[in-house]
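A, B, C and D label the chains in the order they appear, each numbered from 1.
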């Protein structure tokens, strides 16, 4: 499948219709480094509004499809077919859509949670491997320059042996029963059928858990968890507290919530080692705090000379903040490097720390399932990932 | 037992010898409002050094005793005997010392943890009640003006129904094996025999738990807990994570640690309600952040016109920080009011929100025991306090 | 001059060659909302490297020019010529380049300081008016959503009568003699010939002064100023302190610096009124602090429902930070609206608070000149802008 | 003049009557380290209320005087007369009171501004020298442990050559016309007759200026200043901006205000050098930020091992904040060391960095006068202190 004449990668989007924030976010992120051209799509369920939006996005009318199946088939046949399909629909449709494009040999970016159960997520991972096409999951927080630097500090041993990890993604966006006020996004995210999983762990906890894995390189081996419904009569669990047993027995904890009243976003990670510790907060993403054994805290800022990955992903000078869209664009930049390398027949994935793939998406779904399992058994310790060797 | 001629309350101190920080802290705190006179003591185990320190504190030589038993007996007999005994010794001696003074009819301030097990703590509470003398435990963080205001906001319903509580007292002071370097305080605090309990939950977790109870008015009914040893070969658990089921099923969590590398002190509480939330941190104690459902955060400062208790406990104008010693002094000020009222035959304890007593100390010990019990049973949910009606 | 077939505005860039940060920043900013196509350019002085960069930016080879004069002439003649010329060269060449494009009837974005003296800046403003084409100056800080909201609060009287204004843009980027280490940007910015003005007031002070004008709506009538050289032997003044007499006698002060050791960026504004005050800092741009007469400070965050202009310029949800590139993109978005409206024969500039134009650039140059004049006369009060009625 | 039997220093207070915050603050501060006994006083103008307050402070009735003259005479004659007189009256009476006690051979602590003009301040300094008694002025902010450490860092060259200094003490306490609402303190502080000087520079600017001198060791040689009245019809200048030429030509600036709406206290200093910079803010007094040439900021906390003076003045462990009263107590502790040394015939003042004396008070008054002079001459540069050799 060839690239566009101008060298940009051709992208098709499924979902991300009028009013859908997440699709718009993907589009902003793809534009920043100018590596992609939005070429095809099914932008929402209403054909008229989909076509109208597509036109405003300069998509040719013959590349606007009625459904994802038609799109996958047609694009796979075109010599100038899309290089990448972006799945930005509600969670319950991730699986059939991602499967259709992967089966058609088209690389896929699929929003988290990858699917609604471990088996189907594992199937997507297997399919991507069989087809030798990329499957990526936009846990974009790990693409912040300062998160890359945090991961580098841990890898380089600056914190020493990791002793404790604390992560939280506790937002306040749904601290009221928004879903009963006609709020569209709240409606599908609190509907167990469309949300995929009946819990905020799928929606936000997977981001938090990915951040732990990304920064520390450690995975949860067991969890002891509690799911709560803070807003009465809500149909999904909107709060979760989880004790973690990470690789090697390192303890940690995770809090996911969407009803943390007064929080704007609420993603934060703290990593403690026997030589130092670090803290990163999404609401101040261009700084990273590093503390030593005496309690001295040094604030590093994006744009200083840090580690190669952090420097490479910094577009502006010291003191000029980058934000969420730039982090998302970093995900797409690394992905573009990989897609271009594959297109040109080069071996890809040269970077140790790069974008999250389907395996990361699967790990997230395994985590969601384990948390639910522990909750169902009154917080009993529950294994998370299959033992090494039996992994998908 | 009469007061000193000048109206100040007479105090005797047990422990707090040369180099003992906590005894010195008590003395600073008692001085600030000039309600006490340090009159008697056993200031450490070395008689010579105890006498020397006593002299520098203007204690008359005949009021410096060889041991607490002699002191309790002698002071109880004097017409100008002490009004209050302050127990600032290592944890394992709290029980016999406090018992001796209570039995002698002398009010007691005893450091936390009150004793090393629930039964002995309950015995002290019973003894204080029988003798009709005060037993107080200096969980002094609840005496900060802004913590009083936080408790007032919760009581007044400003946050609505409480939905989630998060508290941590995770210090980094013992992130290295200090106890193997000759550090005296580290030695006894990490020795299960002198520490009373083999866990940081006794030392710091009780402060955190008291803060939860004080601010929210809620008690833990069950805990699911994990104890960790982050510093290898340490003889006590230096880290603990606890899931809380508070009254009415309100969920919460608590983290206690003394090996949180890079943390200076690490006491912080966040309380979420269905109308608002609040956050208070000990390292910025003269501010209180209150957030509303839209995510707006308003920072209140000590010295503004707030609630009566907060205003009463503020000694200086807006923008002039007060700190730890002032909070400790607030504890002693409220205690002085109560002791003076009792001395003068008035009914005491008129304030809803006042200083922690032996019951609060007992609640802390029950909490420590429950956490240990849950840990021993692989994080199984474990009841904390006895049911209402069977309480001590 | 018609638009491109796809409706995007065609842009030509002068400067912004390989390694030039500012040109790259303009390109990032233009991409975000996909309203522009980079179509032509003179990307630096080396023709080979300019062509190479142009190719990587998908610019057709026949639209890469040897110099700006050739480009202005050729593009003005093409039916598909550029809609906008972006001048991102060192300061000393702003005037001839901007003049050439304006004279050719092509809209211009010109970096600050607009030119090296008041007369030439005024000439550009006159020329733009005569030609009826847009001249804009990217004081992009005023395009942050929270700065728009700050300006709205002042306009709406939320702060009451403005009593005092404090602004600073004191960076530490040149706290060492960087210009003697081969640092290219430091070299031209500290060379009086290329910098246009021999002072940091031109480079950073104009941003700070524009922020004052934008947020408060007040202009400086007189200044009393001091210029300093903090790095010995530097050829330009690298620090400036200015007392302001704003409209109506409102006092204020401004600090501009490029040698404020340890500062990363250092742009901050505080506005005080008789009912409230506000503070905004560029290193935390998605928050705005508003304080009332009691000293309570409320932190507003981008993404809350604020004022129409702030909401319109917010691309992502609450708690998802936007940064410098988004602010710059806001400038280009508003400019695109205006350019498109003019192209389509609509009357433009409908917004009260919008992007800075040549007049704003001229005001900046007048300010730089007045500061220098005051400094030369030992801080004597010096008029800044011509009286109303005699303005350019 | 002998000490009290118990070794504490005997103190008499003039002013600080019922409701007077500053007198109460002095008393809190003197108590903390238990080096003083409040022994005598004229606590306000109403004899009955003065006596009542004195009784509540355990002052013997025969040591409560009708006026300061009587007190100075009587105490000087007593063998157990006071060691120190604390002058905490409104500014206009500082001079006669301080003079009376100094003339009687009694050491004096006098609130700032020392007096209402340079000549009378100089006379007090001369008198203290002649009598060989101490005269101290409680610019207590310089007694914070972290300010001591800041001064130490500068002295030790950690910041390199000092290049720029920025200080502000801009409070919002009088942002409304409080003086017209019956607010007693506002009344006298905004009455030119009682305030001593008709400007906030005397009240708050002297603190800011002392902080500059203390931390940097530099004095202002010239000032260019502006005085403003932000609250209409106020009788004193409630805002001032000052450009500083410090020793060696180092530039700086100072802002003093009492009408900075929304500010709680507003004292902050930033010092820049050619190797690093530091920042200290009174509203977070137990931290000190130090930045290096790369822009990295390290936050130091009181209680870490810092410099000897900082460590000596820290009463509690790391992470336990101390506040305003502790800083004030530090002033009194150093003063007690000096008074005791003199009493015992030892040579005093061994510390390089210690408490502010009458000379510091005089320097403050000289500064206030110079600022007023510059303002009167339309911000003309005005000398501050007399040349070396002609100093008082």
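Rule of thumb we're sticking to: a residue touches a chain if its C-beta (ideal position, glycine included) is under 8 Å from a C-beta of that chain, and two chains touch if they have at least 3 such contacts.
The shown structure was predicted, so the numbers you read here are calculated from the model rather than taken from an experiment.
Touching chain A and chain D together: B, C. When the C-beta pairs in contact are tallied for C-D and for B-C, the bigger tally goes to C-D.
The chain with its Cα centre farthest from the Cα centre of chain C is B. As a whole-number value, the distance joining the C-alpha centres of chain A and chain C reads 35 Å.
Centre-to-centre separation between chain C and chain D, using Cα means, comes to 44 Å. Chain B and chain C have Cα centroids lying 56 Å from one another. Residues of chain D found to touch two or more other chains are 263-264, 295-297, 301, 318-319. Contacts from chain D toward chain B in the complex involve residues 6-8, 21, 24-25, 27-28, 31-32, 34, 57-58, 171, 173, 263-266, 282-286, 301, 303, 315-326. Within the complex formed with chain A, the chain D residues making contact are 294-301, 304-305, 318-319. Within the complex formed with chain C, the residues of chain D that make contact are 159, 163-164, 166, 172, 175-176, 224, 226, 228, 230-231, 239, 241, 243, 251, 253, 255, 257, 259-264, 272-277, 290-293, 295-297, 378-381.
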